[in-house]
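Have a look at the structure below before the remarks.
A, B and C label the chains in the order they appear, each numbered from 1.
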Amino acid sequence: MSDQNRLSVFKTYKLYVGGKFPRSESGRVYEVQDHKGKWLANAPLSSRKDARDAVVAARKAFGGWSGATAYNRGQILYRVAEMLEGRKSQFVREVAHAEGLSKAKAAEVVEAAVDRWVWYAGWTDKIGQVVGGANPVAGPFFNLSTPEPTGVVTVVAPQESSFLGLVSVIAPVIATGNTAVVIASEKAPLPALSLGEVLATSDLPGGVVNILSGKAAEMGPHLAAHQDVNAIDLTGADADLARELEIAAADNLKRVLRRRTEDFTGSPGTDRMTAFLETKTVWHPTGSLGASGSAY
Amino acid sequence: MASVFEYAPAPESRSVVDIAPSYGLFIDGEFVEAADGKVFKTVSPATEEVLSEVARAGAEDVDRAVKAARKAFEKWSALPGSERAKYLFRIARIIQERSRELAVLETLDNGKPIKETRDADLPLVAAHFFYYAGWADKLDHAGYGANPRPLGVAGQVIPWNFPLLMLAWKIAPALATGNTVVLKPAETTPLSALFFADICRQAGLPRGVVNILPGYGDAGAALVEHPDVNKVAFTGSTAVGKSIARSVAGTDKKLTLELGGKGANIVFDDAPIDQAVEGIVTGIFFNQGQVCCAGSRLLVQESIQDELLDSLKRRLSTLRLGDPLDKNTDIGAINSAEQLSRITTLVEKGEAEGAERWSPACELPSAGYWFAPTLFTNVTQAHTIARDEIFGPVLSVLTFRTPDEAVAKANNSQYGLSAGIWTEKGSRILAVANKLRAGVVWANTFNKFDPTSPFGGYKESGFGREGGRHGLEAYLDV
Amino acid sequence: MPTTASAASAFADVTTSESALRRFLHGLPGVDAVGLEARAASLGTRSIKTTAKAYAIDLAISMIDLTTLEGADTPGKVRALAAKAVHPDPTDRTTPTTAAVCVYPDMVATAKAALAGSGVKVASVATAFPAGRAALPVKLADTRDAIAAGADEIDMVIDRGAFLAGRYLEVFEQISAVKAECGDRARLKVIFETGELSTYDNIRRASWLGMMAGADFIKTSTGKVAVNATPANTLLMLEAVRDFRAQTGVQIGVKPAGGIRNTKDAVKFLVLVNETVGEDWLDNHWFRFGASSLLNDLLMQRQKLATGRYSGPDYVTVD
């Protein structure tokens, strides 16, 4: 049968929450268009209850994910890169539609996103050595500072860079053991929703990343005020929303990564990881070997 | 206490410190009056004696000070790091030279025992300046990229519990990284910061690099809200910390907060008991428990509860409460009438909610603000005294049965600043420390501090770290 | 008051076998070295002034086991020491006597005669002091000999080799045997040589082992090794006697020995006693200093308090 005559199968885009692919509990969808205004698909218009469910899933996943070995997290992030590489053509098409890029340009973006997963896969078992360490305290104590994930992080993903930007904000959050609730680009959510499918097949435990499509202005305030969320990344919020969310975030003193303009094609550095890391310092007596003789 | 072997009073001499009858604000290298001429009195909490009358900063003074700091910033930040380092080394050395004087001053103004100001506060203050002095010309190697830049003017608001030490924690890293500073000490303990201003003068620090504004909360609010402040650092209550976080929202001001705590001190059945008892005492009675990282919740394994409490009560009976200037004093005065009333209210709530209150026989002086060391048993997670920060010499005792339960209870708090673990089993220390959501974990010790060691909280205990390499980040544009 | 014999019976079940004894001793709470030393050091900062200091000096003098344990000891040396024990300061007859004179067994008779009627006790080291490397019958004979010569107190050494090799029951039985030899005639001080036991955990175990075996006193050291009494090891032993009394009702004495040379140090030890076990132990029946040069420093400080002038070594006797 020739292709011209075949009616293609549309994809129903769904959320990615707790390792599953639910529709919005609200039953709402909104129309997603390409950069020329052509209908692409209907995306779920997530509600505050979807956001709440995502936080529950993220919290539930936190213990296991933060407790996994850094090596194991690295393996899984690398697996994400492998899976993405295999589905490159799909993402090239979606990114091209979403961002109005040529196929070649879109391919560059997707390849950069794959490489970004690889970059962060390698960081999981190195960041602790780079930002932690032993402190030479003046006394008979062993004293070690180690970075630890802060917990559940809400991520307002970049609006424009719907895929490379998205990966660039999610990967550093989870590389260090946090779990994430991601509000995808409002106008270009499809690459994000498809990323959920990649994550689901990459050995990433359910709930580590939760992806919501819809309006940041609708879900953001609830997530920013949520008492069981530990941090918020405001990268994709506009100035007014960012301020509103930062104020709400003060209720339980969330760690806030403020909005900023960022060229996601550049080298990522480490600050997106350290923004969501706590430093824990553990002290223990060493015993002295002084003149007192009995010393252990 | 054995009656045949009473310690004679051994007061540290007050004559080493000369407190002037009045002090001004320290702005642009000069002591000046407040623009509106307002003043307030600072008293000795041990006697209620007025120590001095101090100018009270208002919004206009804040603006003057920020302008002075802004003006000084250009040259100060352009100095070679090695020159800034030498100023800080000078300051560290002068503090060492004047440490007895400053210890006595701090004890007079704060009410804490001279034993603590002499053996803990002042040595740590000098060490902190000495430590950050060494960073000033090594910032390229601090892990924040090449040539990291300062932020500009730092507005810093500090509490009354460790007045000079908190000043050091704020000012030393700020200056080392090339920022200039406007600092507001707490209204009940302004004096050591004003003496520090004099130390800056002795060290020849350029004018405007450090500005000290004694005052109340209104001055603190004006400072953190000032549009020309680039960095806000606050140590104090969680409630004020949240309001500051709201006020800087949407600005470019970098914020670090070091706030409250409800530290769990976990004692397992295989603990080194005698040292654990000492650690519990240090954990909650150091500085009358007015310590954000105090071990105010004792979590004791149920199987050794009786034995441990007997030992603890016996030990508490040997604590000596009284004249803070007496070298033999273990427990000094509560810092203010206001704080005393807060402690009293919470303790009454503890009793009303059915917890069992105990204090050793302890005579309180008639003048001043005092509270006897207090221990509550039969406390559960549901009691207010197990959840709210009391900031006083009051220990709530809870029990647990298994390590999992200990961790769950320890973490069951809005705070996450400190925790203690007492066990002889190494793997248990590491496993429990790993699971505790707290910025500082002391295993088989408690309330240890060091300038090289980052300090700060999880959750509502704040964010950012002070001390160590980590402490530089708060003052760098990175 | 319960006796050491009743204490021994209270622990009968743990001393029946090597394994039971090991389990008991290794079940004692551990000691964190840094915490222990920090506590001892912080008590050392207590400030003692004027009247309390005068009291503390006299108390310290009365607690001294004035000691000579040299190969070169002679009757003349021992008699001189005994005279000093009775009248530490010839210029001031209000000075208290020391608690005891401590000598080798062959000097006991000399010391006894020199101290007759003074109330000052004669303590004798025994059991192949200081190494303790002799067979049990020899140790018992050594003890018997000292007691027969008139010793009021026996300072025995434990077999550190056996202890470090884990043969706790053997150490226990040796102490019990020496205790039996002492009977009602002499109080038994058991020396652990803490510097050789090396760890604080070992010192706590040795303390309990000694107390269960019938020691009247537990004593840190012989004075013959590099590290002798320290504030920390003495604090630890005070905690042991405190806990032992809480458990059994039996009070045991403590004797730090060696290395305590001046008044300041001695007062620090008394502060340790005061704050750890309290006034029940502030008496030479329950606390002793094994020392020799300490006495002269105490006497000089005593003279300073009395006259207001600093004294000098020519104003105390050299013995």
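Operating definition for what follows: contacts are C-beta pairs under 8 Å (C-beta built on N, C-alpha and C of every residue); 3 or more make two chains touch, one makes a residue touch a chain.
The structure presented is a predicted model; accordingly, all values stated were derived computationally and were not measured.
Student: Which chain lies the greatest distance away from subunit B when centres are computed from Cα atoms alone?
Tutor: Centre of mass proxy via C-alpha means gives C as farthest from subunit B.
Student: Tell me the chain pair with the top count of C-beta pairs in contact.
Tutor: After tallying contacts for each pair, the winner is A-B.
Student: How many Å are there between the centre of subunit A and the centre of subunit B, using C-alpha atoms for each centre?
Tutor: One centre to the other, that is 36 Å.
Student: Take the average of all CA coordinates in subunit B, do the same for subunit C, and state the distance between these two points in whole angstrom.
Tutor: The separation of the two C-alpha centroids amounts to 44 Å.
Student: Using mean CA coordinates as chain centres, what's the subunit A-subunit C distance in Å?
Tutor: 68
Student: Which residue numbers or ranges of subunit B touch two or more of the other chains?
Tutor: 444-445
Student: Which residue numbers or ranges of subunit C touch two or more of the other chains?
Tutor: In subunit C, the residues touching two or more other chains are 32, 34-35.
Student: Give me the residue numbers in subunit A that touch at least two other chains, ranges are fine.
Tutor: In subunit A, 141, 285 touch at least two other chains.
Student: Which of the residues in subunit A come into contact with subunit B in the complex?
Tutor: Against subunit B, the touching part of subunit A is residues 130-131, 133, 135-139, 141, 143, 145, 150, 230, 239, 242-243, 246-247, 249-253, 255, 258, 271, 278-285.
Student: Help me check something: in the complex, which residues belonging to subunit C touch subunit B?
Tutor: 29-32, 34-36, 38-39, 45-53, 55-56, 236, 239, 246, 270, 274-275, 278-279, 282
Student: If you look only at subunit B, which of its residues touch subunit C in the complex?
Tutor: It is residues 1-10, 115, 119, 270-275, 278-279, 310, 318, 327-328, 424, 444-445 of subunit B that touch subunit C.
Student: Help me check something: in the complex, which residues belonging to subunit A touch subunit C?
Tutor: Touch residues, subunit A against subunit C: 140-141, 285-288, 290-296.
Student: Under the definition above, what is the set of subunit C residues touching subunit A in their complex?
Tutor: So the residues of subunit C touching subunit A come out as 32-35, 37, 194-195, 197-203, 226-227, 230, 232-233.
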